[in-house]
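The structure that follows is given in the form of structure tokens.
Chain nomenclature is as follows: A, B, C and D, assigned in order of appearance, with residue numbering initiated at 1 for each chain independently.
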């Protein structure tokens, strides 16, 4: 059946004190779900309040985007944490953001883990379980947002979490449905026309072409975009145009389950 | 009317990673309410989980004990934060602890601010308001725990918060109901017999004798104790003995309003 | 006697991890001395290495720019630290930067304190002394860079430090030679022509006109500029043009003592 | 030839702010070299000053004990840092400590890396090289202290560093000269008599018996001890007694090269 609704998600609220990151004020107008930094890898209490307010103003749903306690590395460096530690880091961060969301009169929609946590989830099932447990214990109705076809999706489902699968619009894929490492040339797509073409293929055929030319079927209800460069804004606008051309409307992921 | 119930509160959960502080495992058996560190001045996510579990095991009610973002100074150094910053620091910390408390099947009972925040509250009404707003926005039923007769009590009441007033068992008082600075000799009472005598006077007459010999009437529903030295444990046990001798039972502050 | 040499100093190296601040790569080409962040309020070890390398490449002298341990507040919020704590914070930061500078084959030139430390120095003589002691103990030949005519200048001189006085090119002055607070309209000058005019007056007459129209004589060997906005670059270029028009050449402050 | 001199080294200065760790005031009287925390995994500027002063008072030589930027994990959790990042973290920390040491009128003697850095050094040659480069660039005369017979020893020697090899008095060994993991029963020796026996064997025969009963020859000029429990103090005293019984005197490692 033809897809008529999809979610667009983007990381935001990753500024810290005087340090500004991302074009949140612009991006927020273009997406339906925001993954908001929770103060460990990026974001701070004041940024969290402002980002939630921004999301509310623009009718965008809010999810937690917890990371490793490594501001210096922006949560992008794997750390050998135990599942128990990681679970508690997630509860702490999700709980903190949930307070800001509820004070703003909204409901926390989802959880999407940041940076190295995503990488670590791929390799360590017990860490994925720990993060899913944190999510479920905070609220069993929270959506767990994860890479289409990934092990994290299967684990989260086995734990009865609401799962939404996402596809990355501007990243190349390997044949095993993983993202091509940023260190490999061609991993990040900067050309908005090319990204638009991929989205067209995704909507019409439900497939992505991998970096080595294979055709991959991917289930998804959300498309992940980035918003930290002016070029990224252009890409998001192209994606939205492509979606509109195909009569696909934007909806926060919660409404797509 | 003779007092038959009182709350005993104590700071705990202020360890951090490998750094251990306080005799929480002993103190928890002796009190009715725990003020739990929230990760800024002390405490970390794992410590928070364990402290909440400890409180639950011993039937002790849990409150948030937010502090300044100054782990190096243990939250004891005043910082020129704005009311907006401070409000968000409190929401973040209280929200994070609330998540652990609710996951443990309990309800967050109260908020008591830590260290320099307490000092700053005395001098800056707008900062007290900011902290009270954070508390009220998280949950208007949360108890605001503050020094008996202080300006923070008046401000919190004017904002319709549930206020519980506390007396410090082991600290000397000035005539204006403030605590004598730790830098003044005699500010901290280390003799359990002397503390016991003060508690006796407080129960029987509702008064405290100030450091300069005046008699001060103090309303209270909670007595604050400390638990970071073996001597402190002896003092708490003496206080409990004195309360028992006067048929005063312990109850978490929530049940005393 | 007509001034023929002057130093231009600017803060840099205040990025942190993924967070970029300032236009260091552009500014470095325009100045003679760099005040380099040391990791407390901004800067990190990797940024420090890169900033020192940049300075070396462009023949710019390096000074330490220590701050309060408050990354979240960018070192701009006063903290009630003791002189002993502050002295050790300065030694730590200056020592760390000195290592990078010496490894690059250079000599650390000066110390200029950051943000709230500067404000605190004005009000608390014992804190200024603590910072000067740290500087002197690291190396008695280090230059102490401070506001022209300030108490910090007098204190540093009384402690036998090499002092260089600086004037702020883009900030309004009060009659007591202090900077007008950023909260006051007109405190920051954004118009490069206006700044150029002030520099002209400074070179020709050795005076600055205060915000309330008085004429102030200011001794100086360095002019402080800012480099965090494209407009700031324009201002620095105007200052350099004005200096060139008056045959004033740039020299690192060390060579002006 | 019979050994007549040996160094005893111990980690210290790992307290942080209000958090106290270790029995430094006691241990310092019993050792000849102190590995001093540098503020990343433990230690802070004030603790560093005090620890250096303590070492000076007792004629103990000082080395830097740099760690990962992970105070929450006490530097014991591996982090995927790059060699470039790690080198700069080491320069920063060694440089900071060196300042305190030189201000105290001493010379920095050695570098010994902490916790997970030690583990990571075993697995990643390029990280060991990065740490050795940092040490050499700070000062090529600094001693590199490492496990007897380890790869880090070979790498450091190939880079022309002064290497001192150490044996752990209170830890069990594997046949490949690595320490038995703390998670394995018997990894840590708590019985002072047993440790004394091992030291006797080491002095007399130059060998250690591994956990599986093999005899291992180990070159060494330093013995590493721990000082964070009262039992640890007893062990150090026993070691000193055994050394004295064999007419082996203590000397800082620098004097043994």
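As a working rule, a residue touches a chain if its C-beta (ideal position, glycine included) is under 8 Å from a C-beta of that chain, and two chains touch if they have at least 3 such contacts.
Note that the structure is predicted; figures quoted are calculated from it, not measured.
Of the two chain pairs examined here, B-C and C-D, the one linked by more C-beta pairs in contact is C-D. Rotation angle for the C-alpha superposition of chain A on chain B: 180 degrees, rounded in steps of 5. Annotation: the chain A:chain C pair of sequence copies touches via predominantly the same residues, more than half of the used numbers being shared.
Averaged Cα coordinates give chain C a centre that lies 40 Å from the centre of chain D.
In this assembly, the C-alpha centroid of chain B lies 44 Å from the C-alpha centroid of chain C. Taken residue by residue, chain B touches two or more other chains at 72-73, 85, whereas all remaining positions touch fewer. If you draw each protein chain as a dot and join the dots that touch, every dot ends up joined to every other dot.
Across the interface of their complex, chain C is touched by residues 69-70, 72-73, 77-81, 85, 116 of chain B. On chain D, the positions that touch chain B within their shared complex are 16-21, 42, 44, 71-74, 76.
The touching residues of chain B, counted against chain A in their complex, run 39, 45-46, 48-49, 84-85, 88-89, 91-100, 103, 137-138.
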